[in-house]
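I've put the structures underneath this note.
Next, two complexes with chain A in common: one pairs it with chain B, the other with chain C.
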Partner chain A sequence: MSRILLATSSVLVLAFLCLPALIVIPMSFSSASSLEFPPPGFSLRWYESFLGDPRWLLALQNSAVIALLSSTIALLVGSVAAYGLVRGTFRGRPLIEGVFIAPLVVPSVIIAVALYIFFAQIGLLGTMTGLVIGHTVLGVPYVILVMSVAIRSFDHRIEQVALSLGAPTATMFRRVLLPNLLPSVFAAWIFALIASFDEVIVTHFIAGRHDTVPKRMFNELVLQVNPTITAIATLLIALSVVAIGIIVLLLRRGGVRMQSLT
Partner chain B sequence: MASIRRFPAEFGYVLPLLLLMLAVFILPIVLMLARSVTQPEWTIEHYQNLIETSVYLRVLGRTLRIAVITTIACAVLGYPLAYWMRGLSSQRQVLATALVVLPFWISILVRTYAWIVVLGNAGVVNRVLLDLGLVGAPVAFLYNELGVIIGTTNVLLPFLVLPLFAAMVRIDDRLLHAAESLGASRSTVFRRVFFPLSLPALAAGSILVFILTFGFFITPAILGGGRVPMVANALDLLINQFARWETAAALSTVLLVVTLACFAVSRWVGARGATS
Partner chain C sequence: MSSIHLHSVSKHYGAVAAVDDVSLDVAQGEFVTILGPSGSGKTTVLTMIAGLNHPSAGSIHIGGRDVTALPAAQRNIGLVFQSYALFPHMNVFDNVAFPLSVRKVGARETRQRVEEALARVRLDGFERRKPSQLSGGQQQRVALARAIVFKPDILLLDEPLGALDRKLREEVQIELRRLQRSLGITTILVTHDQEEALSLSDRIVVLDHGRVQQIAAPREAYLRPSNRFVADFLGTANFLEGRIGPDRRSILLGGGQAIPCGASTLPEGARVTAILRPERLALEPDGAGGILPATVSEAVYLGQSVRYHVETPTGPMVAVTPGGRGGFAAGAQVSAAWQPDDVWIIPDGGSTPG
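Let's turn to the complex of A and B:
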């Protein structure tokens, strides 16, 4: 009896968790202009109203540019730093690692307020440069976490062999380390990319007149109920599913288990 | 001589990122903290302002209340779920874990938006309730504290369930069998053996949920409809509407201190759990 109760309540809680995702997808194909569920008929009008609106397309372009630039910078600087953290034995290493992971722990809104005041004083408020910098900071923890695990699981002696055979450090990085860690490098990059593409709070504070997809979605949601959001939401879900698929595939190929990341 | 060199080559690899983070992450936060006590000169005026203006205390109190209720809701919903998942076959465990992780990958905006569809006056839940004749008029789930708590609980539940499930899986079945073979009933085994062993993970997960609720911005803005501002929403108003940077800096500092204090407690609880 108590087992049935436990199973029922657990299935209900799982349903509660997944309900939002499950309900948005059918809504996006609805022909109604109100939020009727189940939808009265099938239509692609909300996809048309997204893809046919130049303001949404501009926001999409901004999101893509910011996400690509910030995730690439975070990946380059972050991977090199992760190597130094894992292989190095210098003082203050835990503290430095703490600084790199901190943007994940400190509430985004605090980073948003701090960057707002800082950027306002140095003239970066409301600029694309400011947005890229802000998003880079938020992407760094993901790169550090994923790349630290990957580098730690790579045999240090293979690097030493390459170096002792006379390879310069840069060559060792390019010819030995990078090919072996490539799957994790891509996974780290996608993590940072998604983190940037999904970011609302810091963007909302520092973007000024620039729009990104999440910022525009947020502003629309606060003002009114607009079913166009469901179409964008569904596209974002599709993007996430593809991204997870790629990450899981890459990490498995790279020999990194998902559990070791959490 | 020294076994640890001060600046070995590896430090050079860390340096670029360290400089970047110091310049655009640590420095802005330090400047913000400084601003809250030095504008126009050394002063605690902005903190006095927070305490004396009832609106900030109300917002802080509301944030605290929502955080406590969300934490309890997550523990009450999450503990049985994690316990049930522990007993599943490994194949089903993977499926259940995937379902718990799934929402992580969907924009929080999307998940929050879905609740408007589900819980609105013309939403699914209200129409079912009306059709069944259980209520005479639509129940107001949204644009009040209840709506915000439903939203925060939905977003934060995985943060409690995943570490809790991971900790429960590590609990050795032989301990439970030993207790049973010594004559303990199933409920006694749970109460005296299993639950105490899972308690550190439950505590750590609950503190994590508590911390994360404190910084929530999107859920109260959308599901609270502006009527249930939490700390983050108050910061939004102070910065983007009233341009009161000093008060915002002081309020951010309070939020940061509370967050870091809770984080330190959770690390301490986690470390105790790992050693015991």
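Let's turn to the complex of A and C:
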């Protein structure tokens, strides 16, 4: 009896969480010119209005460039930091770890304001460079979380043996550590990529006249309810599902369970 | 093939001395075991010789060269850990070839030397296997082959047999000793297993709390331990406390009994501990004229031998006698006897003068 109750409530909660997201999928294929449910007929007009609009395409290009650059930089910085945090023995390690993870915990608005003031002073406000740096800061904690788990679960003695067998440190990293951490490296990179791609708050504060996809979606909603955004939302959902699928697959191959990340 | 020389090596972590003023000379081709309980600092000594850890004080020489500040990669040392530490993404061949490839050895010579090393540990034909497809004993032998393939100056083994079951461990012990002799390579093994230390080594270094307790050949360390810790850690020992008697051929125990011992150089009245190994203790039927009267409290049958726990006027003692013949049951009145020369005397609060 209690099992049935539990199952029912679980399904209801899951529906509550997923349905609002999933409802945009049928709506994006709607032929109506306003948001309407159920859709009166099937049409691809909103996909056309997205892909046929140069402003949307520019936003997409910006989003892609910022996401690729910031996630790659975050991967490099975060991986090196994670190695130091896991293997190093130095004073103040918990504090430094806390600083790196902070962007994940501190409300985005606060980071956005901080970056706004800082970038205004050094002249990076409204530049692509500023956006890449801002998104890198947000991506680093994801990389550190994923890579810390991966490095910690790798036997330190294997690294030591590689050194004792005559491998210089750089060779040890390249030929022993990296090949074994590769699945986690990819997973960490995708995490940072997604974090950047759907970031809207910080972007809003520091982007100036540059548009990204989420920023433009937000602005469109403020002005008018345009069903184009349902098409974009559907594309983003598809992208996220594929990305999460890849992450799970990679981490499982790397011997890391999703649960151990949190 | 090199000698190893440790001069007053210490390692401090904050206020704690993990290794405290350790000096050690290992001759070329010698097999030395560092024996101690966990936390004694034995692995720290090994990692400092390997260059994975650096001493707070003192110096380390290998083959006459001061390596104290040299990184691990430049020391030319073969290292084997208990956890095998094979590279999980490489097959057996690539694992063993790794030290050769970082030394830029050519493909043909690499192939030949890897095959030779694998043949030495009897793993020829396993080249294409991944470490995960091998048993624990096989993985250990791959680790050994990888540690010798580049002809290192010395070989360091950190509890290499700890993860193997007893039967396999004895086999690998014999193989290890054979391999070490045939290569003539200077070897330091770290273990907490006293049997392993006694059976494998030319000399044993007993370590406790980061300090050297004794450095001696196995037989010497077992028969003439320099203090109570060594006697207790290397096998089982009966300890009898007392003072040297007036004739200096007996010890007066606390309870007033006098027990015979070999001639001592210590002065009359000196406080000493007499050490008696259980297998040197004979139990005789009561009245047959032993040295101490005893009551058997427990008899443990061990197959090859019987271990008796007995109560004597000076306290509990342990005796091990060959099994098979008769024997005593719990509760039996017996007397304990031994040859005076089987008693080893150490002065209290210090080490034996020699």
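As a convention for this text, the second predicted complex is superposed on the first by the 251 of 262 C-alpha atoms of A that agree within 3 Å, B and C clash if a C-alpha of one lies under 4 Å from a C-alpha of the other, contacts with A are read in each partner's own complex, and residues count from 1 in each chain.
In this text, a contact is a pair of C-beta atoms (placed from the backbone, for glycine too) under 8 Å apart; a residue touches a chain by one contact, two chains touch by 3 or more.
Keep in mind that this is a model prediction, so the values were computed, not measured.
Look at A:Ala162: by the touch rule set out above, it reaches chain C but stays clear of chain B.
By the touch criterion defined above, A:Ala238 reaches neither chain B nor chain C. Comparing chain B with chain C, the partner in contact with more residues of chain A is B.
Of the two partner chains, neither chain B nor chain C is touched by A:Leu44. Once chain A of one complex is fitted onto chain A of the other, the partner contacts of A:Ile117 are limited to chain B, with no touch recorded for chain C.
Of the two partner chains placed by the overlay, only chain B lies in contact with A:Val137; chain C stays clear of it. When the two structures are aligned on the shared chain, A:Pro179 is found in touch with chain C, with no touch to chain B. Common to the chain B-facing and chain C-facing surfaces of chain A is no residue whatsoever. Interface residues of chain B, counted against chain A in their complex, comprise 4-8, 10-18, 20-22, 24-29, 31-32, 35, 77-78, 80-81, 83-85, 96, 99-100, 102-103, 105-118, 120, 122-124, 154, 157-158, 162-163, 166, 212, 214-215, 217-218, 221-222, 226, 231-232, 235-236, 239-240, 245, 248-249, 252, 255-256, 259, 263. Against chain C, in their complex, chain A makes its touches with residues 155, 157-158, 160-169, 171, 175-176, 179-180.
Contact residues on chain A toward chain B in their complex (touch as defined above): 6-7, 9-10, 13-14, 16-21, 23-24, 27, 34-37, 77-78, 80-81, 83-85, 87-91, 96, 99-100, 102-103, 105-118, 133-134, 136-137, 140, 194, 198, 200-201, 204-205, 214, 217-218, 221-222, 225, 229-230, 233, 236-237, 240-241, 243-244, 259, 262. Interface residues of chain C facing chain A in the complex, by the touch rule stated above, are 47, 50-52, 71-79, 81, 83, 85-89, 98-99, 102-103, 143, 146-147, 150.
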